[in-house]
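Structures given as structure tokens follow.
Next, two complexes with subunit A in common: one pairs it with subunit B, the other with subunit C.
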Partner chain A sequence: MLKFKPLVPVFIIYIILLLIGATIPGMWQPIMFVMFYIAIGVALNNFLGLTGYVDFGYVAFLAMGAYGMGVALGYFTYLGTLAIALGFVLALVFSTILCTVVGGVALRLRGAYFAIATIGVNEGLRYLIEGARIWGGSEGIVLSGKLRQTFGPEFANFLSTVFADVCLIVVVFIASIVTVYLINSKIGYALLAVREDEDAAKIMGINVTKYKLIAFFTSATIGALVGASAWTLKLTYVFPEDVFFIHYTVEAIVIVMLGGAGTLLGPVIGGLLYGYLKYYLSVILPGFQLLAFAPLLVLIVVAFPDGIVGYLKRKLRNTKVYEYIV
Partner chain B sequence: MVIYEQLASNLIYGMLLGGVYGLATMGLSLIFGVLRVVNVGHGAFIMLGAFTAFWMFILYSIPPLASIVLALVIGLALGFVIFFIVMKRLIDAPELSTLLATFGIGIFIEELAKFFWGPDYVGYSWNIGSISLKFTEVPLTKFYAFVSSIIIALVLYLWFQRTKLGKAIRAVVEDREGALSCGVNVNMIYALSFALGIGLTVLSGVLVTLFTPVGINVYMGGDYTLKAFVIAVLGGLGSPWGAFFGGFIFGLLENGSYTLLGLIPGVEPFGLTRFVSFAGLLLILLLKPTGLLGGE
Partner chain C sequence: MLLRLENVTKKFGGLTAVDNVSLVVEEGDSIGIVGPNGSGKTTLYNLISGVYMPDKGRIFFEGKDITRLPPHTRASLGIARTFQIPRPFGAATVRENVAIGAMFGRAKVGVDEALKLADEYLKLVGIYDLRDKEAKLLTPLEKKLMELARALAMKPKVLLLDELMAGMNPKDVDRIIDLLQKIRREENIAVVSMVEHLMHAIAKFAERVMVMHQGKKLIEGSTSEVLRHPKVIEVYLGKPIT
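Moving on to the complex of A and B:
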């Protein structure tokens, strides 16, 4: 159980957030907004943070999840509540297919080449869906009418409010447990070696490809579940323009870097800060949140490449709190 | 016969546009070749060039071709500023840092532009007649844009081949340590190449507006960033000349395939053309990462 100690501060943060949302009127939506950013941060961190590879097309996995759920609810609505279960299954199937393709093709590349290839995958997929008119093409899938017809207005409403939020919360908790497992297991050590020096790791006999694929797959799966619950179930529509929007990838990267890449607590704190700031900036300065975030991103990269948690870890070395911060 | 004429006129258009695409990608390739940094904020600088052309035309009725010089100066200055504030500290940093930094800079420029100029599409109309061919009309503005990009690329080529600074830049691309030990001031070359890369990019933004004079918008750059990636990879990342020829290939393929894909019923040729170009990008990266024209 010792290695799960670092989960304590993470779960405390989650529970405090949920309590604030549940008890203070009007706070539930802002809290779920923050939870979404924590979720994509934690999900991306499992790949970007652990391997050091920059995936600029990460949002494609959220899109696959969103489309999985969208296809299930849009084309198999007659299955009733089973369609929701099918949605999660399809979300996983779609993201696994994409993961296999990208993992087999792009993961052979490194650094800048990998980043460019992933942008290519994301945009290529989006334009394939729009150009070949797959799943409604650029008109997307609109579900609200169908859901109301099949499930009745009350249950449809329940799905898009309570159920979608509960799903997202469950995903966030699971994602953190998975991260702590990855970091503390043999996989985590192997990935650390890859991150520091991939060639050296290879020579030391580490099956580099295998561990990179594990991290990639984990991260993609969590991303797909987030896309299925926080986008399709909650918003009841899927538009290719929205779900492949590259800004979500960037936001996730900012969160990971802000909090500290490769740490458990990092993306949680990063997501919390980013989500909170974004929510209130969008109230104070609607439309100009990015103007505040872009210099922040550059500043973090130049001055604090380890992020908040990386900085804390260095400060708190040899204290009692240290083992709780991973 | 209509389809052949349509194809021919689209190919001519593609070739003219391809020259500008090539020039617009040379800056990206130059920066990658010298600094090993992918400028993910590339498109933002093209947008700056486009707005330079727009404001010069609207405010002082200066024709876009004359704005080229101003755009180059703005770009060079901006390049030096960005290099000394940000990039200089990231020379030996991992890719993650440089990718994020250039991305952040790109977004910052776009958001600043939006703050001052608003999010709406703007445009200008500069009509100076056209060349009449048998099956199509080629507006002179586009023709001049094409000629300008070829002249600029040629001047640049001669500068790289003949001058001492040009040779120094090529030496750094070839072997950083070797150049350093031969007495080349590598840091100065980094700064110069970055500034030159940004200058070229802003400059090409002016020429881009000659093709889409009413499509000027603060977020127009994203599209060109993605195209520039495809073109740069096509020509072999890091080789400005490869990029220039890659631009031609891309322009021809893009416009040719648009015509042909439009023949398939029930599809959206615009989206499919994009899909084809990104699929091509992946294939080249996989099979021949040094680019179609690259050697080793």
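Moving on to the complex of A and C:
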């Protein structure tokens, strides 16, 4: 059980955030906004952080999740609450299919080549859905009317507020447990080797493609669950230009790098800082938040090249708190 | 027959780096591969460990054709190596580096046992005190010892050493030779050691020597014979090794 100690600070952060949201009036939405950024950070970290491979098409997995839930609720609404369960299943099925196709082909490419290949996947998929008019094409799937008809206004409202948020919170908790499991298992050591020197890793007997695929699949699955809950369930619509918006991928990458790639606590701190800054900068400097944001991020990345948690780990080596920070 | 290379050839464009080389390694053998810079020694290692596939010829390990197998499969079968310029997993600790060897390689033990084994191998090569250091912070020499521990932790049947003892002081060379002799005896590991300059170490350690020259096998035979051979003295040594 000693290995799960690093979950303590992470769970404390989650619980404090949720308590703030639940007790201070008007704070629930900002907290869920931050939770979303923590979620995509933790999800992407399971791939980017553990393998060192940059996936610029990551948001496509959130999109697959969003469409999985959207298709279930939009086309199988008559199933009632079962449609929600089907939504999660479809979210996983769609993301797994994409994961297998992209992973099987692109993960054989190294570093920058992989990154370039993945940008194409995201954009290509979006234009495919829009151009071939799949699932409503560019008009997307709008659910609010159908949900109200089938479930009644109250339950529909409950779904898009409480239920969607609870789903996201559960996903965030599970994602962190998955990360700590990966880091401590053979998979984590294999990926550590891949990250440091992929050729030497092969010589050590590590089937690098296999372990990269495991990380890719884990990260994609969590991303799909985030897309299904934080987007489709919460917003009650799926528009291709929203769910394939590359901006989210970049945000997730920034969160992982800012907090500390490959660490458990890193994306949590990164997501917290990023979400918080983004929210309040848009309140304090509406319209200028991105302008203020860029130099701030540059500053943080220059000051903490290994991310905030990477920096902390170095400082706290040989102290008692060290084993809590992974 | 543990490892057999059959007329192996590897070309890079117009350059034939390894030219029609055959070699047999038996269990518990101690073989020295000698040759000047650019004679194809490292390419030969890369062919055995699976970094490159040969253009011609075949490689067998325990009777099985491994010519087209990927590197990680060869490692699982029992082929381990070190690198001339050490390639540690820099951000990992020394202990984790060696444990990774035990987790994968041929040993394939669980994480906890691998970390325990790592301690043993670090004691064996004499860098146990450095176990919690980040591997990138080690000196080049310490990195070489760590690579030896990491390769041994893989529980290989054949261990390919690439200039392991270059740059070591004579005392360390003796210590490493004793260590290698010990693991050969106790675990029946075949040790192939590649050397550019350290003829005295080879003379002391290897039972058989293969001399390479411009990608070709110049000569192969018992160590004392080869090091006195006029052809070897002419193209390589300059004067006999005593």
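Everything that follows uses one rule, which is that the second predicted complex is superposed on the first by the 318 of 326 C-alpha atoms of A that agree within 3 Å, B and C clash if a C-alpha of one lies under 4 Å from a C-alpha of the other, contacts with A are read in each partner's own complex, and residues count from 1 in each chain.
Assume a contact is a pair of C-beta atoms (placed from the backbone, for glycine too) under 8 Å apart; a residue touches a chain by one contact, two chains touch by 3 or more.
Note that the coordinates shown come from a computational prediction; the quantities given were computed from them, not determined experimentally.
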Which of subunit B and subunit C A:182 touches, first, second, both or neither: neither
Subunit B versus subunit C, judged by how many residues of subunit A each one touches: B
Which of subunit B and subunit C A:171 touches, first, second, both or neither: neither
Touched partner set for A:193, first subunit B, second subunit C, both or neither: second
A:252 touches, of subunit B and subunit C: first, second, both or neither? neither
Partner chain(s) touched by A:205 [first = subunit B, second = subunit C, both, neither]: second
First, second, both or neither for A:294, with subunit B first and subunit C second: first
Partner chain in contact with A:105 - subunit B first, subunit C second, else both or neither: first
Contacts of A:90 with subunit B and subunit C, given as first, second, both or neither: neither
Complex interface listing, subunit A residues touching subunit C: 184-186, 189-190, 192-193, 195-197, 199-208
Residues of subunit A defined as touching subunit B within the complex: 48, 52, 54, 56, 105-106, 108-109, 111-113, 115-117, 119-121, 123-124, 127-133, 137-138, 246, 250, 253-254, 257, 261, 287-288, 290-291, 293-298, 301-302, 305
Residues of subunit B that touch subunit A when the two form their complex: 32, 36-38, 40, 86, 89-90, 93-97, 99-101, 103-105, 107-108, 110-112, 114-115, 119, 222, 226, 229-230, 233, 237, 261, 266-275, 278-279, 281-282, 285-286, 289
Touching residues on subunit C, where the partner in the complex is subunit A: 49-51, 70-72, 75-76, 80-81, 83, 87-92, 96, 99-101, 103-106, 108, 110-111, 114, 150, 154
